Amino acid sequence: MGIRVAVAGASGYAGGELLRLITGHPEFDLVAATAHSQAGSPVSAVHPQLTGLDLTLGSTDAATLSDADLVFLALPHGQSAALAAQLTPGTKVVDLGADFRLQSAEQWTRYYGGGHAGTWTYGLPELPGAREAIAASDRVANTGCYAATITLALAPLIAAGVADPQDVVVVASSGTSGAGRSAKVNLLASEIMGDLSPYKVGAHQHVAEIKQATGAASLSMTPILAPMPRGILATVTARRLNGGDPREALQAAYATDPFVHVLPEGSWPHTAATAGSNSCHLQATVDIDSGRIIVVSALDNLGKGAAGQAVQNANIMFGLPETTGLSVFGVAP
Amino acid sequence: MGIRVAVAGASGYAGGELLRLITGHPEFDLVAATAHSQAGSPVSAVHPQLTGLDLTLGSTDAATLSDADLVFLALPHGQSAALAAQLTPGTKVVDLGADFRLQSAEQWTRYYGGGHAGTWTYGLPELPGAREAIAASDRVANTGCYAATITLALAPLIAAGVADPQDVVVVASSGTSGAGRSAKVNLLASEIMGDLSPYKVGAHQHVAEIKQATGAASLSMTPILAPMPRGILATVTARRLNGGDPREALQAAYATDPFVHVLPEGSWPHTAATAGSNSCHLQATVDIDSGRIIVVSALDNLGKGAAGQAVQNANIMFGLPETTGLSVFGVAP
Amino acid sequence: MGIRVAVAGASGYAGGELLRLITGHPEFDLVAATAHSQAGSPVSAVHPQLTGLDLTLGSTDAATLSDADLVFLALPHGQSAALAAQLTPGTKVVDLGADFRLQSAEQWTRYYGGGHAGTWTYGLPELPGAREAIAASDRVANTGCYAATITLALAPLIAAGVADPQDVVVVASSGTSGAGRSAKVNLLASEIMGDLSPYKVGAHQHVAEIKQATGAASLSMTPILAPMPRGILATVTARRLNGGDPREALQAAYATDPFVHVLPEGSWPHTAATAGSNSCHLQATVDIDSGRIIVVSALDNLGKGAAGQAVQNANIMFGLPETTGLSVFGVAP
Amino acid sequence: MGIRVAVAGASGYAGGELLRLITGHPEFDLVAATAHSQAGSPVSAVHPQLTGLDLTLGSTDAATLSDADLVFLALPHGQSAALAAQLTPGTKVVDLGADFRLQSAEQWTRYYGGGHAGTWTYGLPELPGAREAIAASDRVANTGCYAATITLALAPLIAAGVADPQDVVVVASSGTSGAGRSAKVNLLASEIMGDLSPYKVGAHQHVAEIKQATGAASLSMTPILAPMPRGILATVTARRLNGGDPREALQAAYATDPFVHVLPEGSWPHTAATAGSNSCHLQATVDIDSGRIIVVSALDNLGKGAAGQAVQNANIMFGLPETTGLSVFGVAP
């Protein structure tokens, strides 16, 4: 008998990817999946890619989740706290929402508004000391998709004194699944195909999380919606300090990490190579004109940016090998 | 120690998907992968989605493949016979090319030209009697991607006397990976995005294979290139015989097959739901105006249409459970 | 002073294309554009591609349209009749909806339900006798986008006795703008990109219109949604009669038409070549296996399939050269 | 009798767009179009969107172009100088290549290698004094597509003392037509769809041109290939000086320009809104965290970034209204 797993908020894109990963995980038994308006529907009606999975969506409440050893919360931001409080004591929880990521209540209020629910262990295993903290936790706040992409590129450079934390400029483009599964005109295929569109320019709520996770003191981030279903590509530039080598700093940081790959010199990350995987691809150089450091980071926003990361965290929480049920390799083309 | 597996012709799209499936297969050990012009390159330089796989492409010759118990041939059409003849006796071989699919030398010459190499066991396990034949074979000719999509939709209807084999009309659209990885102007992204384009209209070489596999006596097939990387959607229409129910005939044919799913009434197959999987989704109805049978069939041309099918055949050849190392579920969105 | 033109229902995709064509038309002066929920918004807020057009959307009522010599109705099906009845007598009207296309009230009720509003002159100028009828009309019912694509391919073949009207099979794929601009989950970019999905299989409401316009007696039509913003590609197959040459029949029918092009032998239509234009591209052959006629037809569903066609009809109604303000050439890539 | 116009290098994407614009231009008569390997082909065989244009591609030499009053050169970089030297004296020439854009021979050699051909009038009409210089010239060097996008966003801010020329960071994504029409594996649709990929990171050859045109002293630019056929979206960030308002500086600079639009506050440019047009859309803000200026600029790389810009320059050279034959409005969706 494996670990009993439930997913709350299974009708969205991250929820669907969680179900795919859980059903392929050798130690996890999927015991429940819940949704709000689509409770009562077969999973395969909501996620046709899961045709063959014989499971009906339950309603999102503590009773439906009570039988699980492990609960993934993939709820709209702001809804995790109330549900988490009602779960059976001892249930391990990974929250894919933003509610418990920030340490600072003041930053929470500035970027999200409303009251701060609290702070859980931050779930990015590749950060120094993170695996130990995650392994010791029953509650883990999964990183956001932009934060994962950018933090993996930037945190080691600031830690190594190679990049100036006072001068970081990021432009990051995301596939549309990162914008969620709500019916909105601006997310229609007719509007998106052939289009690149920036949004929340100058004031994206993930800046607070990224600064907290990377140690950046000043961060300009411009997010862009790109015409592809999955993937984030982040271009992270920073003023270079001390003539340091950014690529060496990345290699040193991730030498033993199974999912973070510093590419061979001359190769640059692209999103399609990470689709369906839990990998992050990185490359770095120094601009010949400005002398700035440029790091490019790519991952699958539903993989290492959400569901894959969540499974990786859960593996660590249960003492399993970190790679269990996850793929290093992408599905391409 | 698992089954030693090699892939000849690993630099194309089907080859890349084979490598992904083999490296995730619990009983297979990848021992060699070969290519022509890219021999000597690391696999990850040719297939960046396989970053983390430490393997160099060898040259495509019998010596490189001599250590394998199982060889997948993913070569250009016409090149399989010479290489297969040189392999170590007893090596099991699955050919993804067309060379050994046809029984009729005359049909081969009509559609492909040149001499007919011979006929191997036809590798579509869901056909009646096919599993037994495959299990007893050392040499299996994998179905083509169009043939797999169309045969799964049509063969049971002809066998059951529901569809008229004299009157079959098919229109099938394929993602671009089905057109291969050669540098051609008409396959450039700039030409393909936003475009649907028919090709080989009225004379596609796969018609012979489809007629052989389905029992159709007359078949009009129009293939179309669609702006997506993977997937085939086939619309198969036929004159209805004896008032038969096409959906019931499909359900009866595939009641126990793990990878072929007749969808619930009202749901129609779409390609994205099968991406990355080895599944085929089917639905059927009777047109209210013409009274014709319409069956729609969707699968991943690199999955059930090529590499996944090949692994399924190999599993059967080695007596493994048919689903080993394959996913019923797709990667979506 | 030119012809005063108004667009009712200008917030959708066909409405936006109408505004683009009208503002570029040398004889048309755009005097009003109306919308329902977006009345009061600047046009450029609803259609950012029209940035620079200084016009505010009015509400959709007769008063707002009272100053126009020519009104284009681009309303949801079923809403044209009431508004048309209130327009100033003598106003010329082109309705892009389905309300007035069908001659048969019984067919209307079968496919659309509800009461039949009546029948206007059918606005496909390339049909025999159509230009004269359109020129003599104050009220014209624009063809539907599927109907235009399929009728241009099929009508001359039935008229010439080359194709059997009893045995026609059509599969037609449309870009997403054909599905409208309503916020629906199944039209989200995340669902559409990489996907082909059939819909209304076996019972599409446009079958009645196509049969009326082509003379087909039995028609099986399968519509498919394709991952591109614009374009329709229809594959029309029919039993061949009397050994006729379908390509010659098409050439004879369209020898003097400026917008319908029978391509050189060996070239097949593709949708991207017609994007942004009012052209339809055609090619025909006889299938070597089945002997059926195959015609492929491509056009821009918003151009010759909707707004361009409407402007062409209006040109004829006002005695202008048919090509005024329209482009034969597409925008590609 | 209009102005006799020829296009040298008409088989590529910019060449095709030039032909479309010229054939729709009321004062231009297309007299010749040339190509290298495709000389002798009908234009419509190379550009199917121009079906209906009765013209055969000539060979690219001075004799073929000798009858023209105006020649557009759309040749591979490095080939313009030799051909331009052979043209009939008095022929006006717009070069879409890079050969004559740079003033500095040293910068040419650094970024392009080889000898510097010389410097022509720089063809970006919206720069201060540019229209007068262009009107007085027989030879104009059209801006590059990235340079046009970025210069329109940045030059007024540096000129107004609002942006620090020492600290500019740009990330710009281009549609695939910007990469040309050569058959390359990395430009295949299968590789591009679903993918974002950076290239020439840290050392793009357009940096020299952009610095020259904008006055930037230090510029980090990361170009990214995006999965769409047309469009460039540039995110230009710079350190803010003197508390200046970047949006006001842009509005002041472009108050009377027909093709450059500073969007209403809250609206951000996106590429699809400019497709097929000669417009550039701009918006600016100040980042709440870093205090940096962020400007986003969008245009059609084949329009305002290449062929449209070239026609605009030619209009000015011939004393025509700048907007003749060009569209402010885009083709969307």
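Miscellaneous remarks
Going by the order they are written in, the chains are A, B, C and D; count residues from 1 in each one.
Methods note: contacts are C-beta pairs under 8 Å (C-beta built on N, C-alpha and C of every residue); 3 or more make two chains touch, one makes a residue touch a chain.
All figures in this text were calculated on a predicted structure; none of them were measured in a lab.
Relative to the C-alpha centre of subunit C, the farthest chain centre belongs to A.
Think of it this way: of A-C, B-C or A-D, only one pair shares over half of the B-D contact pairs by residue number, and it is A-C. With centres defined as mean CA coordinates, subunit C is found 44 Å away from subunit A. A straight line joining the Cα centres of subunit A and subunit B is 34 Å long.
Residue positions of subunit D touching 2 or more other chains, listed in rising order: 13, 175-177, 190-191, 193-194, 227-230, 270, 272-273, 275, 333.
In terms of which chains touch, the assembly is arranged so that all chains touch all other chains. Against subunit A, in their complex, subunit D makes its touches with residues 168-169, 171, 173, 175, 190-191, 193-199, 201-203, 207, 211, 218-222, 224, 226-231, 233, 235, 237, 268-273, 275, 283, 285-292, 294, 296, 298, 333. Note for the complex: subunit A touches subunit B at residues 13, 16, 20, 23-24, 42, 45, 47-53, 176-177, 193-194, 229-230, 258, 261, 263-264, 267, 270, 272-277, 279, 281, 327-333.
Residue ranges of subunit B in contact with subunit D, taken from their complex: 13, 175-177, 179, 181-185, 187-194, 227-229.
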